[in-house]
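By letter and in written order, the chains are A, B, C and D; residue numbering begins at 1 in each of them.
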């Protein structure tokens, strides 16, 4: 096994940073580069990436531009939503859940093109390097991974731009200065962090938001919607059937309009430091609340509570990059098992940042008005059963009290 | 041990139902009744309860009216909030957390008055009977508990009112008909359930809300506030120091005004059925979010994640009535241990139902701008460390992949 | 729905107690009785039960005698063993795991015979009533359950025998006196409790043991065996393929001979009290250790640790009678998912009560001598990776230390 | 902050390897070395270490030889035993629990001597480097850590010995060849790994065992002992009060004699590979079983089950080196809270490798013969309570069954 890299697949956005990386790989490793640009719903045109790659000498057969939106939502976002996953109580894991899919595709392309390495543009301080690389190693244990940000000495913006110019990489005017913050976007969310967001006491400036209207500017009238679920996954909006990506996109529009899904969070990175992020997950926030709503009437208590107990670990695994790990798959097996009857309709009210479940119905409902009613229940429930129930639940506490008093 | 009850302490609100119970105890058990009326911040005058008890022949020394608000918030609500407890993802446990305190006081009064029993007005279908009785048995294992709703045959409103009239209990005009829903209130929340709320598909009618303004009617301008924490507990609002109950009351006013803390939930009762409840927790919702905010910068990841993993079980224990159980106390010991450095200030924005953390600062902050910065970090963090970190985290996944491909 | 019971299926052992129950059901409920006698490997002849049932007037078509041994081990014992389940650290759940199968068959027979009720001989103090009935209700929600020991007044041995004689039920001589302890047996174990075992300070008398030789009387020479596993289940002993029940029976013989699987335990019953039991699980103890042995080399750490974390809850669910509950099924889905590669051979040494794993090998082994070796590993593992790994794992602890010192 | 190291505290055994390290530090870092040799009960004379250190020019004031046995057992082993900690089901964590204490003392000595670094002799493949360094960083975030095995090029035995000879370090004859396995020992256990143990299919050769007699050679007669506990910790053996270290040493003698506490394990290292170890924990195994025995009658079910659920994570934290992490301390707080009443006496039978609890008694016993008895219980327990208990536990399962059939 030689350490010389012959061909590397680069996760390539077409932006300045990954263009520098492309060239740097060519210069430094003297290897062929295969570019991979994914449409995950980030809302940018991808064709310019093709032109730029060509300019740097990449042959057409080595330029991959893939629309992964459907796969992203169907095989990653929805399974995660079945778990009601939120990291550290709040974060809907919008960046975390996209990384394993990108790595999966990088590895597939590496196999198709006979590449022996992959490269990504994540820095050495963040979680994304971990997510990319753990996924890659889990799928291709012998793959080599190049993380230029951990290797090169282009540690300042000035150095990076100087290097770009020296190597004839076009530098757009608006990229000459430092961006006041850094973002990542896909169909599920946009995250922003760094620079102006680095003081966690300072409120996030309004200009940082890009995916949601300010709740204060949102419509003064609430909007009611319904989402239909089948076996734990959303299948229709307002009665109209939609595929996963289409549904999430439609919810994003609704969420944007009503200012839903903004989150200002200080979180704990896997690499050991705290960071402050601002997340906009407009459709995801609506979807997540709706999913809990339909579970409320279709999931048994035992299943629901087990899911709640498992969720923090499940979310942590995704956050830390362990999507392709056996323990995530085991938890997924448990979660998916619980969703067989999670079908029905949830009604939500959207209003100035709030997405509130206001109604839910299901052919599989476990809610029994007959049992719960304050009215005469015709013998559905025998109130005297409660005495024995309480007495035996109390027995150990009484024995304790007798001992300890 | 004779089964004849001599003296019973009744949790007495002064309302029609517990007045009927008072008389029914006198008639059925031919025993003395001691009344106990607690001010938990439910917002009702308590003195009328005294007059009514006197009317039914209770001697003054056997009429207890206690202001428990401070103890309630200090010893029950705040410790629970330290855990970020939410039952089934959302419910802030407003009713659940009040029950053990009422039972504790019932038992204390039983001891003071030499009573051999306690009685409560909870029905045989709900969680409250369990909470009252488990707490009572845990504190006084030989106490007898009378739960009239499980014993008597006054199973319709008509029967109850007829019995009241037969026994000269005044029936206010507005209590003759059925109430369209049932409520419970204290300083933390108001819950509503039953009747008009029994169809979980029907939106909660506006007239059910009593503790919060409709977000649509809330002020059009956001309001910013700060809450100061010391060792995990709130101690000041907008820089002004306050005791626990005063702080929660002030947050309730803010929450009411901004329409914060409404929750429409279908939940799983401990007795095995699902029920639909509507909760208003205006101050509690603000407080809960603020507490998470201050933890974000003062709690280490290990502590924070452990708390998140323990929380569902902790919330379930409180919901099910196991406040005075060793496992709740063990979890509390772990949680309280984590709060020693949870001090600082959280800034929140209140606006039309939203309570959003927008800033947090602390002398104990673990957030290190020096480490996280996108700028030159002067060696605080060595990016090359990440490679070894990833490699060893990946090792087991690579060994797996080698085996399984 | 009338409360009158027309036909009841009785879990019938053929012994005195269930014979009394049979007659008592006929007399008290004036209903038809269907008897069901299961061979779970308890080691007793079942045909006498047929004769006795006939004597009490049960028609042949209503006498069910079924050999459930294969189903018991394949569908209940082995799935449980995949989880390494032990209740309260030690108990292999031998009684608990048999109950849901008996209930399942009771319900099937009730359906076949058009019966509207089932009956069992478990007392009102134990766990078995809960296990029988939760399983029955989970499979047939409208079934009626008759638990004579909770209903009748035959609360002393004398009363029971007098009633038997009055109703012409033959009472064997050795059943006239009180048994010094009570037992339950099946292919997995024999449990003993009560009477002479009730003082947890007193050592279990030697005559209580029935399934294992005293280790002191076991052979002075150790015996080595191998067990082969396929996908988490045992398939061969000493290289000879066997079905589940045959394998367990063969291990029982080995365990008996070497005095393996004795356990003296004070445990916590679901109904709230502590009880002292003595368990003999000769083959189960060997099997359980072997299963852990094969998992050691075939399960990834993430999967193994998740299994260990889930196990106590899984064991508790089985102990408490929740085999047919969604949360047990969810956990089983997770556990079963982990077993796909749990194949290979374990070698054990059996000696005077000890069953020790002394070797394990597998085509699916994840153990990499190349990585772990103290010798030159030819680059399999780069020791410098450890520094970064430690540094990033330490980062949060260092930030804590800087704050707190 | 200069990177030049001025003074380093070395964890020094006096053996060949750490003697080479001592010299190597002097040569490579041109720094002063402070030696620290701990008596953790490993059973070796420590004074030779002093002489050797002097020979290498260490001044007396910089030679630390400390007896840490009492602190080790009191503050590390016993708190861990309160949790019933076993890693991966079996391992009593004998090595893991010693490392944080060594690091604590290294840091104390570094402060006393003004040293700016510590050094240890653990390799880059194992867990111990992680444990030493995480503990060190948690106590002294700016300390430098030197791990020669990760730095130097002495990667073969031959190279090491050649280097030793070149630097005038005496090489004992029996150290010239490779040791057939590697060991670590302290008062709690001896571990062995490597070389002859590297094939997990091969039985551990008899000559590897050093702390326990072969069960086959153990006495043919069982020995009965009692251990007294106070608040979760052992305080007396056979009625004779002893301090923690004395008690553990006495149990070690008993365990050795009866061949107790041998464990052959393939475990998952934190650094990502599997390794095969052989552990001998004679006294620890007896103690661990006794502790569970006393908990059986003194711990409430809720506390006991919570402990069992928390244990795997607690054990993993210790194994991975996170003793001085907030989450370990939180778990310890919960565990310690549970131990207030864990007092009493356990009787055990020791026989040829088995340590079996055969009796337990306590003034704090929660075992109620009155409740559990098969005899007339004089109303202690009302069997009819069980019906309501079962009915309400079954309710959710029945609602499920009605939906799903």
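Definition applied: a residue touches a chain if its C-beta (ideal position, glycine included) is under 8 Å from a C-beta of that chain, and two chains touch if they have at least 3 such contacts.
Because the structure is predicted, anything quoted here is derived from the model rather than measured.
Student: Just to be sure I understand the contacts, which chains border both subunit D and subunit C?
Tutor: Where subunit C and subunit D share a partner, that partner set is A, B.
Student: With contacts defined as at the top, give the pair, A-C or A-B, that has more of them.
Tutor: Pair with the higher count of C-beta contacts: A-B.
Student: Using the average of all C-alpha atoms in each chain as its centre, how far is it in Å between subunit A and subunit C?
Tutor: Computed from C-alpha means, the inter-chain centre distance equals 42 Å.
Student: Where the centres are mean C-alpha positions, what is the separation of subunit B from subunit C, in Å?
Tutor: Using C-alpha averages as centres, the distance is 40 Å.
Student: How many Å are there between the centre of subunit A and the centre of subunit B, using C-alpha atoms for each centre?
Tutor: 32
Student: Hey, what residues on subunit C touch two or more of the other chains?
Tutor: 268, 271-273, 300-302, 305, 313, 325-326, 365-366, 368, 371, 381, 384-387, 389, 392-397, 399-400
Student: Which bits of subunit D are touching subunit B when the two form their complex?
Tutor: Where subunit D meets subunit B, its residues are 268, 271-273, 299-300, 302-303, 305-307, 313, 322, 325-331, 333-338, 392-396, 399.
Student: Please output the residues of subunit A touching subunit D within their complex, sorted ascending.
Tutor: 300-302, 341, 364-366, 368, 371, 381-382, 384-389, 391-393, 395-397, 399-400, 403-404
Student: In the complex of these two chains, what residues of subunit B are touching subunit A?
Tutor: Within the complex, subunit B touches subunit A at residues 84, 88-90, 123-125, 129-130, 133-134, 137-142, 147, 149-150, 155-156, 182, 194-195, 198-204, 215-216, 220, 222, 262, 264-268, 271-276, 292, 296-297, 300-301, 304-305, 308-309, 311-313, 316, 321-322, 324-326, 347, 349, 351-354, 356-361, 365-369, 371-374, 376, 381, 383-387, 389-390, 393-394, 397-402, 405.
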